Amino acid sequence: MAHHEAGHAIAASLLANADPLDKVTIIPRGRALGATELIPEEEHYNLRRSYVYDRIGVMLGGRAAEKLIFEEVSSGAEDDLKQATRLARHMVTHWGMSEKLGPVAFRRGEEHIFLGREMTQQRDFSEHTARLIDDEIGSLLKRIEQEVSTLLQQHRPQLEALASALLEKETLEADEIQSIIGRAQPSARVIRS
Amino acid sequence: MAHHEAGHAIAASLLANADPLDKVTIIPRGRALGATELIPEEEHYNLRRSYVYDRIGVMLGGRAAEKLIFEEVSSGAEDDLKQATRLARHMVTHWGMSEKLGPVAFRRGEEHIFLGREMTQQRDFSEHTARLIDDEIGSLLKRIEQEVSTLLQQHRPQLEALASALLEKETLEADEIQSIIGRAQPSARVIRS
Amino acid sequence: MAHHEAGHAIAASLLANADPLDKVTIIPRGRALGATELIPEEEHYNLRRSYVYDRIGVMLGGRAAEKLIFEEVSSGAEDDLKQATRLARHMVTHWGMSEKLGPVAFRRGEEHIFLGREMTQQRDFSEHTARLIDDEIGSLLKRIEQEVSTLLQQHRPQLEALASALLEKETLEADEIQSIIGRAQPSARVIRS
Amino acid sequence: MAHHEAGHAIAASLLANADPLDKVTIIPRGRALGATELIPEEEHYNLRRSYVYDRIGVMLGGRAAEKLIFEEVSSGAEDDLKQATRLARHMVTHWGMSEKLGPVAFRRGEEHIFLGREMTQQRDFSEHTARLIDDEIGSLLKRIEQEVSTLLQQHRPQLEALASALLEKETLEADEIQSIIGRAQPSARVIRS
Amino acid sequence: MAHHEAGHAIAASLLANADPLDKVTIIPRGRALGATELIPEEEHYNLRRSYVYDRIGVMLGGRAAEKLIFEEVSSGAEDDLKQATRLARHMVTHWGMSEKLGPVAFRRGEEHIFLGREMTQQRDFSEHTARLIDDEIGSLLKRIEQEVSTLLQQHRPQLEALASALLEKETLEADEIQSIIGRAQPSARVIRS
Amino acid sequence: MAHHEAGHAIAASLLANADPLDKVTIIPRGRALGATELIPEEEHYNLRRSYVYDRIGVMLGGRAAEKLIFEEVSSGAEDDLKQATRLARHMVTHWGMSEKLGPVAFRRGEEHIFLGREMTQQRDFSEHTARLIDDEIGSLLKRIEQEVSTLLQQHRPQLEALASALLEKETLEADEIQSIIGRAQPSARVIRS
């Protein structure tokens, strides 16, 4: 668990467009076994592609850390995957952020959930388009996970140090995290679409 | 945001069949972060293909401006995409404006929404036709976006001047917009189907 | 609008199996911007294929006139397309009028609409058959539109004369229409299946 | 209409496994414009394939007569097609009468219609199987129609005589029909599967 | 009808893993025109593949007898086909008895029928898998029917004797059936998967 | 039945990542004809891939034993298959444990079952993805079954000894089971993904 949260924290610290870290904890709260909290710098009404991209990167950081350290994943990333997939789906279907699919909005029932009528609404696109959407979501998430994995591999000492500190103190504030991660500056990563 | 609205305004001014501009603002209202308002010249019971085509062009102008200036898009175009897709879908499925699909009306549940029975109605065409419809909608929107992008590239100084003026004054009336855009006359653009 | 109604009227006058014309008007009524009224010669319990064929031809005459005169179509043909598609679908799915699909009835939910149970009924044929049906409907409508377009091209002077008269008098009775269309006799058109 | 009913009657008289004719009428009753009535020889709990095959033949006889005499079909065969399709579908999906699909029962919702729950039940077979079923139904109906058409062509004088008699007397009893059809004996037709 | 029941009875007597015969009757009861009753040797909580296989064989015996004697099938096997298909479907989708599909459970809505919620539940597998399932069910039923047909051909004299006895006495007890079928011992049939 | 439970028990004892055995019984309880009970070592909020993998292995052990001893399977494994499939599906669709599908969450209606709205929710992925998911689930379950079968073949004497002891004593505690299985140590099995 400590490595999982440390993975989120390293990703949040090093990805250029992510919100800044607030604190990390491995004290369980509700169903969650730990948490990595970020400070949104401003109200995000308008999410740029690069920001969404790195936000997904932070979400996948926990799982990438598990893979790196334990060589296998666990069910603990279930919520991360759900949220990352949801964001990736929005990029492709609502925000026109896939070059391949272009400036088109694809509607499913999920948006009207508060009207109590979501369940049986018909999607308004073809099966073929559904497949293109799935392919775009899948390759987007795989690419981001790959980038985060590389980032964590390059910062494995910091990842392990952060996990150890978490096991010892359970909660770490932003400044403690920064001093552990140390000199590592946000990478000047170029976003490819 | 200023560039986004300026993109709409430039497109509205320069596309030959668009309704004339009324005013542009970057003062948020409700969920909208800004607005470009047009004056419909007459009640449009009867929408010609060229008019609908340019109306979509105005809708996509905001996103095209973001791409041109920031080299990436944002979630701020979500409503534009939804409306542009909806119009393009009507062109193809209700108004017979796709040469490929021809003089056929394709029905989905959406029209009966006021009867409270929209949700589970069956579409009355095949999956294969659904794919043809998607392809027509997609290529129509990509073509229009491409044309608007070209138009904005050709008028980048006016776009930047309009965005600066908006940041300074927040709201611009039609005559102010015209004096900024200046000599640029509506292009004698030929509509290709 | 005048040209649209004139297109319906020319088609109704010249197609061999159409009901005779009663009058044409461009005075809006309700949602309709104009109307072409025919006199059904007898109660049609039994619709012959050639009759249905020409009835669709009259429906598509308005749109064909717009295309001929303005070189583009408008949303004004929406209801015509809906009704023409509905008739073409009946020819193929209920009346066995497609050689390709043969003497088979294809059921969807739409018929039970008065029982309030139409919405979720399952169609009783395969996706592949749905595609064959769509292809038959599409090619039937394209063929009829092509024939009506040819007919209007051959009678363009009459079409323009009728539109002018409509703009002047707003409503024309059958005998006025006939005298404008003049010598043009109903064509001895052979119906091909 | 007279020819349509005469077609049913000829088919009923000449198909080897059909129920015997009772009477034929062209007096409209309710929605029906005429009727051909047969005497079921016994209660049919158990329908043999050859019996069902010829029953469909009688149903398609009206349409086949229209085609033969007028060289086009009319919407008057709508109910015939619906019933013939329904029987053919039962042959294939409930009675195992298709060699290709074999001794398998294919369920859709239609059977539970009296429980008020038919509407949304899921069919329990794949799209691919749905296509095989459609193909079997289609080729079965086309083959039967072909055989009935041939039968009517071979008995065209009787068909025309029967239609004339119907136009004159409106209703014909079994013995009158037999005397008109005359020497034509039930054909010793072999049923091919 | 007598031949149909005799077919069930012969199959029940000669298939190695079937429950033993109790009696056979051609006296109609309710909707059924006859019945073949077996004695389940023990409560079957646990059904072995070979037992289910032969139980289907008994079900298809009636139809196989009709085919053998009359060279065509009738609608009388409708319930047999429904039950045989249901069992074959369970073998493939619930009991992992298809080598091809393997140790996987495939769920549809039918199991929750007593909760009143069966109707609209989504199947939890793909169309492609649905086709594999259909193919397995179809080939299983065809193979079993083939084996039962061969068995009946080899015992045609017994089949005809049993049918004659049924027509004479209407109901036959197990010992009467055995004495008619005589020397024929249960075949040492090997079940192939 | 004894062999079925013995198969579960052997798998539970020998798979490296399974929870330890508590006891095994062939005394029926409710619908179950026997039971193999394990002691979860800790609350499993976080299930590692290797743990889930071996848990499925234990589930399939009963069926694998039936196949090994009787050379055919029975309907008794129905619940095992249902649970194993459910876990395998979660590995692929919720926990990102399929390399092929990657870090994506695939949603169906099943999760909202307690809100009473599960039934008609639309799955949010394409048919093509549904097929990939099915393929992953199928090959995962086949691979695990193969491994468990090999394990049981290698320990056939222990399997038979355990089944005999169960038939004699009906219930066996963990220490009795261990003394029967004897020297067999948990295998150092490597999990391949």
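Every chain is named by a letter (A, B, C, D, E and F) in the order it is written, and numbering of its residues begins at 1.
Methods note: contacts are C-beta pairs under 8 Å (C-beta built on N, C-alpha and C of every residue); 3 or more make two chains touch, one makes a residue touch a chain.
Just so it is clear, the structure is predicted and the values come from calculations on it, not from any experiment.
Asks: Which contact partners do chain B and chain D have in common?
Replies: C
Asks: Starting at chain B, how many touch steps does it take at minimum to reach chain F?
Replies: Shortest path length, in steps: 2.
Asks: Give me the set of chains touching chain D intersected with the set touching chain F.
Replies: The common neighbours are E.
Asks: Compute the rotation angle for the C-alpha superposition of chain A onto chain E, expressed as a multiple of 5 degrees.
Replies: Superposing chain A on chain E takes a rotation of 120 degrees, nearest 5.
Asks: Count the residue numbers both chain B and chain C use at their shared interface, divide by all numbers used there, and answer same if that is over half, different if under half.
Replies: different
Asks: What is the distance, in whole Å, between the centres of chain E and chain F, each centre taken as the mean of its C-alpha atoms?
Replies: 32
Asks: What parts of chain D, by residue number, touch at least two of the other chains?
Replies: Touching at least two other chains: 119-121, 127.
Asks: What's the contact topology between the chains, one of line, ring, star, complete, other?
Replies: Basically the chains close up into a ring.
Asks: In their shared complex, at which residues does chain E touch chain F?
Replies: 45-50, 52, 90, 94-97, 101-107, 117, 119-122, 124-129, 191, 193
Asks: For chain A, which residues count as touching chain F in their complex?
Replies: Going through chain A, the ones touching chain F are 1, 33, 60, 63, 70, 72-78, 81-82, 84-86, 88-89, 108-110, 118-121, 123, 127, 130-131, 133-134, 137-138, 141-142, 145.
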